[in-house]
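Both complexes below contain subunit A, partnered by subunit B and then by subunit C.
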Partner chain A sequence: MTLLLGDSSAPYQAFTETLRQRLPASIRLSVREPNGSVGASDLVVAVGMKAAESAASDPRSPILAVMVPKSGYDSLFLGQKMPQGISAIYLDQPWERQVDFLYAVLPDVERVGLLYSPETRLEISPLLNSVANHGGSVVAQSVQSAERLFSSLERVLSGSDVLLAIPDSRIYNATSIRNILLTSYRHEVPLIGLSQGYVNAGALAAIFTLPEQIAEQTAKQIVAFEQRRGLAAPSYPEHFTISLNNQVARSLEIRLPSESDIRKRMRNTGGAER
Partner chain B sequence: MGRCLHKKAKTIFGCESMIPFLYRLLAAIIYASLLGQPSWAIDASGEQSYFEEFPVVLSASRLKQPQSEAPSAMTVIDREMIVASGARNVVDILRLVPGMYVGYDSGNVPFASYHGATDQYARRMQVLIDGRTVYLPPVGGVDWLDIPLHIGDIERIEVIRGPAAASHGANSLQGVISIITRDAVSMNGASVALTQGNGGISEVTGRLGQSGDDLDYRLTLSNRSDHGYDLKIINDGSRTSQLNLRSNYRLNSQDSIDFQLGYSDGIRGAGNMARFNPAGGFTEPPREIKTVSDYLQIDWLHALSDGNEFKLNYYHISRSYLDNMPVVIDKQGYQIHRHELGLQHTLPQGEHNRLVWGANVRHDTADDPLTFRSPQALNVFQVFVHDEMRFSPSLLANLGAMYEDDGMGHRNWSPRATLNYHVTPEHTIRAGASMAYRSPVMFEQYADTSYLVSRPFKNVRSVNPEKIVSKEIGYLGEFKEAGISLDARIYQDRISDYIFLDPYVAAGPVLTFGFANLLAESHEGFESTLKFRWGERSNLVFNYAHQRVNCAATGIMTLAAFIPRLQAYVNQCSLLVPADSGSILLTQQLTPRLQFSTGYYHQEKVQVLDAQWPQNLMRRVDMRMAYTFGHQGEPGSGDISFVVQNAFQDNYTEYSNVPQKAGFVFNRRFYLNATLEL
Partner chain C sequence: MRRIGIRTQITALTLIPLLVVVVSMEAYFLRDRFADLDNDLQEHGKLLARQLAGSAEYGVFSNNQAFLQGIANYTLMQNDVRSIAITDSSSRILHHASDPTGKVTSSGSDDNIFQSRVDLLNPISIDTESVWLYQPIVPTQVGLDDLADEPKSLQIGAVVIEMSRRDTEKRKSKMLWFTVSVTALILAFPLYAIFLASRSITYPIRRLSEAVQQIAKGNLDVQVRVSDGTTQELGNLASGFNDMAAQLKDERAILEDRIEEATQALRAKKEEAERASHDKSHFLAVASHDLRQPLHALGLYIAELQRKAVGDEQQYLVRQVERSVESLSTLLNALLDISKLDAGAIVPHMQVCDLGAMLRHVATDYQILSSLRNIRLVIHPCTEHVHSDPMLLERILTNLVSNALRYTPQNGRVMIACRRRGDRVRIEVRDNGIGISRNDQNNIYREFFQLNQPQLDSSKGLGLGLAIVDRLVKLLGHQIGLRSAPGKGSVFAVEVPIASGVAESSMAGTIDSETETEAVTDNSILAGKKLLVVDDDEMVLNSTASILLAWGCQVTLATSLSQVEQYLQHDMSWDMIISDYQLENHATGIDVITMVQQHQSQKLPPCILVSGDTGPTVLKLAAVSGHHLLHKPVKPAKLRSLAIHLLEDTE
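Moving on to the complex of A and B:
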């Protein structure tokens, strides 16, 4: 079994550590960096997009791409012929779950603000549907360039009850997040983020899956693969983490439900863990 | 509505039949934008978006406290209200605070005082701009016209009604006006604005701002002038040029430096053509006063993701005042400097407790040769601690205290304790008690003008700080269905050791004035703010205050002959505050581009401390109509607005003695403003 790591930074280390703990001792892992030849293996577990690309270039083994966003995975593998089989455990949350989470946190939201750049390549219709199912609508605003972020922000915020972050680093990055959070705070519009980092920075809440949680799911799939010699269909993460920023909530006079209440509400609307 | 059936659809058109037209249009727009970008941007689809480390942006000191959890009654005036009020200067906005008295000694000397009982040197409130205190020596009070601060740069004004030394420092005897200016990041681009009106009202403002990867800045330049009351008898016009710069530099994800500087250069008219000298000429000839104010402020913020925050700040304020008084003496002027260094540490203790502590050292100097024998200097030291404890989701306690050495030999503790109980999440009851001090201002303690033949000042008695003990019970309610929120409170403030004039005979026949702690005042009252929002377009704010004041002579005057005069003051003390006062601000969005707002200000008869006559009932209506054009924030957009103050020409007079005696009134004013984004 080959474990192909996209990076040696903390999330990948955390993933590897948990995976090692969860795998039975009988399964041997050989950890590689994604450069050079991957070599033939029973199964290549590619962690992250860089590793997945590297694995795709040498499709002699079945590939399980994990910790990859669905859009990235689709762009890489959709329509490609992978003789040995391919599957994935995505990193991102399905839109339905994301929207159910948003409404569990903020039940009264009518207008969900969304910023996207011309490079945004996301399957957005499930988002529009999910928001409509909750009785809301989406206010989308394109950001043509970094210089225009300011006026785009002002426009989307003046017509939104909440701003929903999407995985687009052209809009949401370490330098722009300050502008986004300060401006949205001034408009008293909370931001729903994509990670603990967003919540630390000042987002109201975020739903995300930790590398450790992906690793657990990966371990299960590897064991199943060993038993059945086959890969399951690509799937979203089973488990997720909820993070809430109580300081920001209090300041915006938003009464946040407890995490267990949020999970309960999500189960009722169908977006909970499956 | 059903969910999309085509789970594996590659494009957003995969389930278009399921989505309404509007969404299809939106989806098409996004899709169209994708078509123009054939190159695949891996950074936008990689997992890095989920693992990126961000700086802590909304750290403790950036978050405003919700009113329902604040330890004091608080009025927040935001940008929308400031704009809707049509006000041209900061003081006029304060008319929207229940219980606030706003007056003009002359057209260029505005002042504000909470719970009345003041003179034009209103000195019983702390005034902060981004944490910088502008309550300045030698006489205390704030020279509102001179502060390098543009009204358009204000993000919000928080007025704490009641003492708040534990959280806002010394001299917050009756309350605190805390002005928070817009962040450096708030402006991207350039704009110009022009204002023209009657009474010589004229203003030109230019703004420039840019937000970058690690540096943002905004710059405001302005020049404004008016003819004051526009009365022939008093010379009270003014012209002020200002520059304000704010920038923010991020060193790394935890540290940032906020840098501000401002400069204000003003010419003030002075002189009174009604006051003649028996020997010939005017006692107060028409002339010009030149004022220059500047400041520099550096705030270093170290914010950690665990909620800890350190803030180290330094600022320097300087102000010079030069009165070209040709008759009495050649030149009358002063120069003030203030340096302050402060540290504040916020440390969360789990989910339910947050501790803030800090210390400040301040060095004030005043060089005013005609008031003091020698330049005066004061070193002030303060430490403070404030703890917010959450016993349960519905019960919150705020405990805090400040210890101050005022540099004049007084050391005092100012404690505060408040309980906020959320009966339901929408209804909160607050009960609190606090104590605070006001140190004598330099003038009260150290003035020496004994060389004057008329009204010389020289203090010979030791003056102690004034002390307040304040108690209140407040209620905050949200009636979401009805769109109503209510903030009401009853209070009782007891001020003791009130500092008052104490004449004595030094030598010869001339009476010399000193100061002594002679009075006690008791303030009681009811204050409320009702906000009503109906529909998306209509908004109403209604403020009402009912107040009562009683005084008692508690100190001993040097000259028994003046005891009747003190008693006379005590007897008419109840007039020091208006029994009833209030304001209404209504904002109506008529069309998406057209906004109408109107303000009504009401104040019953009041006798300001040093005015010769009481000020009669005031009723005033201001109106504003504004039209916006273009895409908000984009070049070519902007607005045009028309403001009328005192629209119905209610004949009310301001505080000042001169216009009252001459029977002059505050005349209707109107002005037109145009702003264009470049």
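Moving on to the complex of A and C:
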């Protein structure tokens, strides 16, 4: 069993730690860095996009890619024949869950703003459906370049009640997030983020999955792989974490429901997960 | 080298190191502070730029002019900020603002200025007025925990701040002035201290030097005041100086006492000497008077005796007595002269003398003697006037002539001649006598020295003539020389200064030799003449009377002034008056003449004064009163010739 780590940063370390705890002792785990040859193994668990790319370049063993965005996984493996078997546990949340979360937090939202870049490869239709199911509409605006971000942002914010972040680092990154948040704040439009970082930076709320949660799911997958000698289809994470920014809510004069209320509402609207 | 005062030296020594230290320290301090100020300005500018860049991030991102203007104006309110420019990533100026109080710059043309001054690579530019600072605007990074690749953070713009250096420069100059003033104060204190200290040195020194000058002037009472402020060494010096001055004063007092004592002693000695001298003079005067008186009488008696003696034997005896008396008289005169000269009793009275008259007079005196001895006495006429005492000079000449006659054999020749030698006259007395050997030439001026000449025994002198000449020459300041060789005669030469202005000398008793020779045989004029003879010595009076009677005169005798007065009251008158100079009760012959003149309305008869005193006062009085003066002992022949001469004149 080879564990291929993208790097030794904190999320990966947390992931590795949790995985070791969850795995039975019979399963031997060898941890590698993505550079160099991967070598033959029963199963290669590639953590992060870099490890996934590395594993994909030397596909001699079955690959389980974890903590990768769905778009990344798709661009890497979609359409490729992998005889040894390949699967993934995505980092991002399914659209339905995102939208359910959005409406659980802000039930009165009518227009959901969305920014996308030409490079964005997302299946938008589930999102549109989900929003439509909640009785709202999506206001999408494309961003041609970083310089044009402000005008696109202005436009999308002026026509929406909430801005929903998408996992596209061309739009949402460490550099731009502050200005995006400032602009949205000036328009009194809350932002729904994709990680704890968004909330820390000033997003109203975020729904995401922690590395530990993914590690638990991965451990289950590995055990299942041991037993069945086959990989399940790629899946979204089962578990998720909710983070709220009450300070921002107060600033925007939004009454936030409690986390448990949010989870309850999400369950009520038909969201699958716990 | 110029002499530098103590104060200047002390000041230089103290001030120069202090100045170096203070100035260097303050220069260092100022440099440091100036650098700090510049640095502060830069840091302040950097801080403002960073702050502005941070706050302008969103404004640049959103190209929000109002926002940018707000923060720019806020920044402009900060001290020292002169202008601000905010550019986007393509260096296009999004906003420009400048301090309205500062230099107004047009915003449009400033683009290039900003660009040319500073950029990312040269973030700081400094000119004389401003500091320009460039700060890129880089978006703040916010971690999103999304495990996505972080794109390189890009510069989205820049902030350029122009910081005015005006205030900084103002503060610098303020600081500079402050430092300079402090330096001046720092230097002023030691200067004042030096002033005080050096005053405590230079004042005492000045006082000391003044005191030294005072002492140099002889004022020993000087005391240098020692004040408390004086340094110890100078205090010691001053007190030492005072001690020295006091010591000097004491010594001088002692010395003065001693000098006073010595002076007293000297004065006593001098008085003693003066007394002795006076006694001696008195003795000499008395002696000359008292010794001459009898000799005078003796001469007159002998003359009388000679006339009355009968027979060859008696005549011979009388002639022998006459010769003895003559020798005695000559000896006495010479001895008295020497004594008076040695005693300093004779004071020369320098005046203009007619040398020619004097020589004629000398010649007259010796004509008879020379003819008796058959010696030719030749006088070369002389017209010079000399500066000398006439009496004493004549004495010198007579002595020389008499000396020459004495040592010249019969048929010899004695010549007197004058030669002008520059401003002097050389009076030569030549003879062709026996001459003087070289050895004897050194001795001839000694008293009682005589050449051993047996042939000339008969006219042997006393050996005092040349001794007197020598003394007189020295007394008058003239010079005497001798040229002589044995057997070839001698030449005595006296050099006398020529009188600058020629004036007739008032010489008493100059007589033409012709009249005398004429009178020798002529008795007739004396016969029947009435003569008044006054003398306090009866012996002299009688002898004079007897010889005058023998000459055929009518003689009235008086021993005192009062007796003369009695005669005058009886209306007596005389053809001639012969009076002794010194009479009783301090009366003189001049008083007699004056009295006669007062009583006689007619013309005053001729007067002859006879004196045993050769003192200068007598001579002078006689000269002043215009009367003739004869010295005792008076030779009868001389008296007779003078009397005849005077009587002839009156007729």
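Operating definition for what follows: the second predicted complex is superposed on the first by the 272 of 274 C-alpha atoms of A that agree within 3 Å, B and C clash if a C-alpha of one lies under 4 Å from a C-alpha of the other, contacts with A are read in each partner's own complex, and residues count from 1 in each chain.
In this text, a residue touches a chain if its C-beta (ideal position, glycine included) is under 8 Å from a C-beta of that chain, and two chains touch if they have at least 3 such contacts.
All values derive from a computational prediction rather than experimental measurement.
On the shared subunit subunit A, the superposed partners subunit B and subunit C overlap sterically. After overlaying the two complexes on the shared chain, residue contacts for A:M67 are found with subunit B and with subunit C alike.
In the superposition on chain A, A:V248 makes contact with subunit B only, not with subunit C. When subunit A is checked against subunit B and against subunit C, the one touching more of its residues turns out to be B.
When the shared chain is aligned, no partner comes close enough to touch A:P257: not subunit B, not subunit C.
When the two complexes are overlaid on their common chain A, residue A:G85 makes contact with neither subunit B nor subunit C.
Only one of the stretches 184-192, 454-462 or 544-552 belonging to subunit B has C-alpha atoms clashing with subunit C in the superposition, and it is 184-192. Annotation: subunit A residues 6, 11, 48-49, 67, 69, 91, 147, 150, 154, 167, 169-170, 172-175, 177-179, 182-183, 194-195, 197-198, 200-201, 208 touch subunit B in one complex and subunit C in the other. Subunit C makes touch with subunit A in their complex at residues 57-58, 61-63, 89, 139-151, 153-154.
Subunit A meets subunit B in the complex at residues 6, 9-11, 48-50, 67-69, 71-72, 74-75, 78, 91-92, 96, 116-121, 123-126, 128-130, 132-133, 137-138, 140, 142, 147, 150-151, 154-155, 158, 167-170, 172-175, 177-179, 181-183, 185-186, 194-195, 197-198, 200-202, 208, 245-248, 250-253, 255.
Against subunit A, in their complex, subunit B makes its touches with residues 1-4, 9-16, 18-20, 22-23, 26-27, 29-30, 33-34, 36-37, 40-60, 62-69, 155, 183, 185-186, 188-189, 211-214, 216, 250, 253, 305, 307, 348, 351, 425, 631-634.
Only residues 6, 11, 48-49, 67, 69, 91, 146-147, 149-150, 154, 167, 169-170, 172-179, 182-183, 193-198, 200-201, 208 of subunit A touch subunit C when the two sit together in their complex.
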